[in-house]
Every structure is written in C-alpha cells, then in structure tokens.
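Quick notes on the structure that follows.
Note that the chains are named A, B and C in the order they appear, and that numbering of residues resets to 1 at the start of each chain.
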Amino acid sequence: MAVVFQKTKGLTDKETHYCPGCTHGIIHRLVAEVLEELDVLGETIGVAPVGCSVLAYDYFNCDMHEASHGRAPAVATGIKRVLPDKVVFSYQGDGDLASIGTAEIVHVAHRGEKITTIFVNNAIYGMTGGQMAPTTLIGQRATTAPLGRTVEHSGMPLRVSEMLATIDGAAFVERVSVDTPANIRKAKKAIKEAFQCQIDRKGFSIVEVLSTCPTNWGMTPIDSIKWLQDNLIPYYPLGNLRRPEGVK
Amino acid sequence: MLNEKIICAGFGGQGVMLMGQLISYAGMLEGKEVSWLPSYGPEMRGGTANCSVMVSGKPIGSPVITDDATTAIIMNLPSLDKFEVDIATGGNIIINSSLIERKTKRDDLKAYYVPANEIAVELGNAKVANMIMLGAYLELTKVVSVDSVMTALKKIFGESKAHLMKINEDALARGAKAVKA
Amino acid sequence: MAKVLMKGNEAIGAAAIKAGCKYFFGYPITPQNELPEYMSREMPKVGGVFLQAESEVAAINMVYGASGAGARVMTSSSSPGIALKQEGITYIAGAELPCVIVNIVRGGPGLGGIQPAQSDYNQVTRGGGNGDYKLLVYAPANLQEMVDLMQEAFDAADFYRNPVMMVGDGMIGQMMEPIEFKDSVSRFELPEKDWATTGTKGQRKPNIINSLALDPAELEKHNIKLQKKYDAMKANEVRYETYNMENAEVVIVAYGTTSRIVRNAINDLKEQNINVGLIRPITLWPFPEKAFDEVPAACKSLLSVEMSMGQMVDDIKIASNGRWPVSFYGRAGGMIPTPEAVMEKVKELIGGAK
C-alpha cells in the first residue's frame, strides 16, 4: 500500500501537553518538517523557553537546551558561537520574548546572530494562567487585567516584529498565522526561508506566528480562530517585514 | 630589611604608571618581592594617575600604601596636595619643580626638587620627564639598579620603541645628576 | 619559564587560555575590565571566541549555552554583576554543566564602590541563586596562586560538571606581581562530554540540557544526586594553608589578600613574642573544617579578619563547633585592614601587650 502521509522525523513520539485547539502543535510540526526537509535535523540544536512550550525539548527530535525565562536567544548565541556550522533555533512565546526577554531578542538581532527564532504570539501568558502580556490587545481581558487592558494603564500592545525589522542585523523578519490551511502553508514557507537564511549566514531570522489560546481566552477552538482573525491580525498584520537583499 | 613603599603620582600622560612598573619590573629581575597597584575607576577619568609600588625583601602583604610611603615621586601639584601627607617620617619626597612652585609643607622628610620638564626639553623630548624623576629616585635610594631598569624598559618597549632607549638612559643619568650632593 | 610582571586581570585571562578556555562572554564592570579586554585581544589568536554580551544576565546565559555545547567557557564580573548572573548560575548548576566564573569583588551593598572588598562571601558560598546547589569556590591570595589554580578550576568544573567560582578582589585584579606560568598535569581523569548538544548527526538519541523536573519525586532524586556530588567535593576538594599554628595563642582565619596582611601582622607579633597562627581557606566552599583540628587546645580565641562585616564568622563557628571563642575584625567598603590594626586586635584578645 502506498504511504500517503507520514509523521515528520523531526518530532518525537511523545504526546504533547498542549490544550485542545492550541496551535503550538501545528507550529512544532511546521518547524520539524522544515528541519527534516532541509536535512539538518542531525545538525540542529533547539532552545526551549519558559512558557507553554517549556517542554518543547521533549517534542523536537534533535538536541535541545532548556533556557531560563527570556534568555533563549543568549543561550542560542552561546551554542552558535561554539558550533558555528550547526543550525540553532529558539522557540519562544510572547511573555518570554516580548516581555522578560526583550533585551536578549533585540541584541541577538543587533549582533546579526546567525540563529532562527520562532516567536509564538498568542497575546497572553498561557502557562501561568492567562496574565496580561505586552502583546495583549486593548480591551482584552487577562487575569491581571480583569477589566481588560487599557492604554492609560499599560500602553499599547508591542509589535515586536516591526521593532526588530528596524535592526540591520535582522536579515529575515516575517509575521504569519496558522488560522487557515493557506496561512499554514505560508507559515511553513516563511519558517523554511528563515532557516535557509541562517544556513546561508545572512544574519538573524525570526518568524512571528500568531497563535491561539482557547483556554486562557475562554473560547472554543473555533471561536478563538475567529477571534484571532478579527482582532489579532488587524493589529499584527501578516507579511514579510524584512528579507536579505536579492531574495524574492 | 628592604621594604620600600613608593607612591608615583601625576597626571595622565606623564608616564607615572610606567615609572612604577619599571621599578617593579627591575625589582623582579633582581629577585626581590614586588607589587604594583594602580589607582582605578572614575578618578582616572579626571586625568590624575597614581600607582603604589612595593619592593621588599619579604613577601608583600597589602600592595596598598596608606600613610607609610617611604618615597613619593610627585609630578604635579594636585598630587603633592594629595600625597605629601602619606609619607612616613624620614621618607623621601621628590618633587617635579618644573610644574610645582611650592615646597613641601612637611619638615620631617628628605625633600628633593628636580626641574624634570626643563631637563627633558634640554634632552630634546619632553616625554622623558618621568625618567628624569626615576633617575633621581634610583640615585637616592639604590632600591634597584639602573641596569635592571634599562633591562625592564627594553622588555616593555620591545622592538618598535628600541630607538628611544638611548634618550631614556640619558634621562635617568640626568635625573641622578640633579640630586647628587 | 621565566617570571613575568602582569596585571592580575590579564594574568587570569592568560591562565584561562592556557587551561584550554576557548570561549569568553562578559560585560564591562570595574574592577575587572582588563580581563574581558585581554580576552578580546587574545581569544582570536587561539581560535577562540570573545563576545561582549548586552548584560551580565545574557553573558551567563551565553555561558550556559556554550557549556551545553561542550565548550570550555568562562565569564567574569564583579559583585553587582555576579548578583545579576545568579539566575544563570543556578541553571548551570541545576543542569550540571561546567564553567568558570571569575568574581573580582568590590564593596557593596547595591552599587557600592569599586575598591577591594570581600563582602561577596555569602553570595559565593551560599549558592547565591535559588535551590540547593553549591559552587566550588577558590579564593587565591596572590596572582601566582590565582594562575596556578586556573587549570584546576577548569578541570574540577569538567570533572564534577559544576560551575566553579574564582574569587579575587580589586587588589588581585588590578595589581601587578611577578608570575610564572607553569605546566601542570591534570589530576582528574576527564570523561568525554557525550552529553553535549552538538547535533545528533542522526546517530544517537537527542541530548537534552535541562534543569526542569516537574515530577517532585524526580526532582528530589536529582537533588540527592547533586548532594552526593557536593559531598564528594567536600571530601576531595578542600584546600587550605596553615601557618605558625604551634602554640598559637590566637588563630586568625583570613583568606585572599587579607591573609597576606594578616601574615605580616603574625610575623611582626612573633618578634614581640606573641604567637599567632593562621588558617587560610583557599577553598571558601567547601570550607576547610578539618584545618581547625590543628588549632592548639590552649588557644584563647579564633579571630576572623575580613574585608567584610563578619560574613565568614558563621562558618568559623560551625567548623570550630564551640571549642574556642570566635572574634572578628574587619573593614568594609574598600577600606583595607592594616597589619597594625590586626596586631592591636590580637593584643586585645590576649589581654594586652607582653
């Protein structure tokens, strides 16, 4: 019988702990498939964050290093400087990357560190139970913004990709979403381009993936996809913000 | 037993640190116990520079000189104001009289006044004023020999500054002459 | 090899490179700046990497990554910077990775000052970060000893898979002293780093560097394993020196540069027929408890002399276990004890001059 579908070798057989409807699983798979397709799985070291994807080291079928909260880009820097010919990526959420780890992500871009970051933005702290993140939208409720985020109290949500795209060392910056099959395909293409950018030593590459958190948003998986489309995408527009010159 | 504690002080660019390092280096070459400790931090950004040097017959405890210097080599007025109180009774103070008009206020020290900048200009290089002061110090105390200092200088200068050895040697000699009785 | 005259911070760098250190991640802070500056000049010459991080926090996390990738790696800082590094240090200890951390101590608390101090004793011996972990802590008294211990520090870090801290103070960092770089043979048999994250090449299961264990039973097991390691360090890595202990009326405990000042005081007191001993811990952790067995029973008092406000007194009390009274003399904030003041304190303890 012809094999029409196989699970990527880039993931282990371990069952993930992610909530029903959470898009981490899709994003894991996209990263894993890209690593397999680029044939670099045996040459890759991944850095897991603190947040919902803290256990990512159990899921990716490559060498993994668990970092402290926000420091994954610094840990990845240490690894890459020792092993410049290997592929190194960090996988981080928005609390990890856009809050406690802003210094590390800015400077990994500033140095043009040849690593790839997968930035999963679901506009909330998932693992700790739905607290407000710098990416939480105005009016969006969180356990530390029970009446909804206000501009007066917490400012406007942070657009990290736009900020990073101003830094010369950031060779590839793109925001994608995994809300539809078409967008999932685009997301995979961006992730592949980001890793290729690293392999070609062009500089730092990052893909921001808009993601859902049905549990902490208090919605069904279907409603949360709709909420992402109606609210997140308008504020965090999809598209490429930066790519190496000469690349279409 | 030999237990020399020297303060070298002036402003940045006068070669104060080098002067101290040469004494330490020469002491090391002669098998003596030595240490060199610079002042550091924001005060260095203000343009003053000083270092503490020990040359001893026994292992050196603290490399810090508090108020018991045996000699102070003073290259400018702020350094005289700051350090003349830190010299032990009977100690030496060697003052660069080219830049410092006043005499020491201490009457329990052996004071020497050397017009180091003027002599340096006479020699054709204003930068060797530090070596003139050092020459005076070596002549007065004989803590280390001129030969050892020249060996040390050769190591520190290396090939690129080999052509400066002669004028530095002359400067040491002129400094010595300035304090000879 | 002939002696060279070198500044402490640079000598540390030279000794580290000689010990096989190939990676250095740091951040500027006085009084240790000459060390990263030296590394930035010298590392490229040996095919190594120097990188100035955006913060001490980032620097130690770069060390965490580099060590996980199997490298011999070092960072350095001074007291407030070490406080910032504590997060990374506890992760490195938890994940059981080797590295060497140099701490050129300055006065605190807070921003404190930049002059020599020993007020990081608790910070370096009590873990510093969260959780039950220990660092192997060396506190050399002069540049020669600092240089001699560097190979040992890297080897011990690799052998125990544990961070090692080298503690100096502003004096050690800034001063120049004659140094001889000797060739030494490692006393450790160091295994291959088969745990390092270097890529599976499709030939082995993935390696995972991690300090997270959500299952309490598993985490307890890990803690017990760590404690066994610390017990082995206590059994095998204690280093100290004693001096003039026979018939000592007072025994002074002092480490690092302070011990040099104390030694001069002891020699001067000897000339006045006052016999004072010295216990000099070379490892601050593990603390040399055994050394106290050499204290004469008739000793009137132990005396801790520190450039801090008595942080070592607790360890002396634990080690001496009530056998002698424990007194303290210290200076703080960058002030340096003088031999005269130490002598005066000793005379006070024995009831005046003879």
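Some observations on this one:
By our rule, a contact is a pair of C-beta atoms (placed from the backbone, for glycine too) under 8 Å apart; a residue touches a chain by one contact, two chains touch by 3 or more.
Computed from a predicted model, the values in this text were never measured in an experiment.
Chain pair with the most C-beta contact pairs: A-C.
Taking the mean of all protein Cα atoms as the centre, the chain whose own Cα mean lies nearest is C.
Mean C-alpha position of chain A lies 62 Å from that of chain B. With centres taken as mean Cα positions, chain C sits 34 Å from chain B. If each chain is reduced to the centroid of its CA atoms, chain A and chain C end up 40 Å from each other. Not a single residue in chain B touches at least two other chains.
Residue numbers of chain C whose C-beta contacts span two or more other chains: none are found.
Of all residues in chain A, none touches two or more other chains. By the touch criterion stated above, chain A contacts chain C in their complex at residues 12, 41-45, 47, 54-55, 57-58, 60-68, 71, 74-83, 86, 103-104, 106-107, 110.
On the side of chain C, the complex with chain B involves touching residues 3, 5, 30-31, 114-116, 170-171, 174-178, 257, 260-265, 267, 336-339.
Those residues of chain B that touch chain C in the complex are listed here as 21, 24-25, 28, 34-38, 40-42, 58-64, 66. Touching chain A in their complex are the following residues of chain C: 23, 25, 49, 51, 53-55, 57-59, 61-71, 73, 87-88, 91, 95, 197-203, 206-212.
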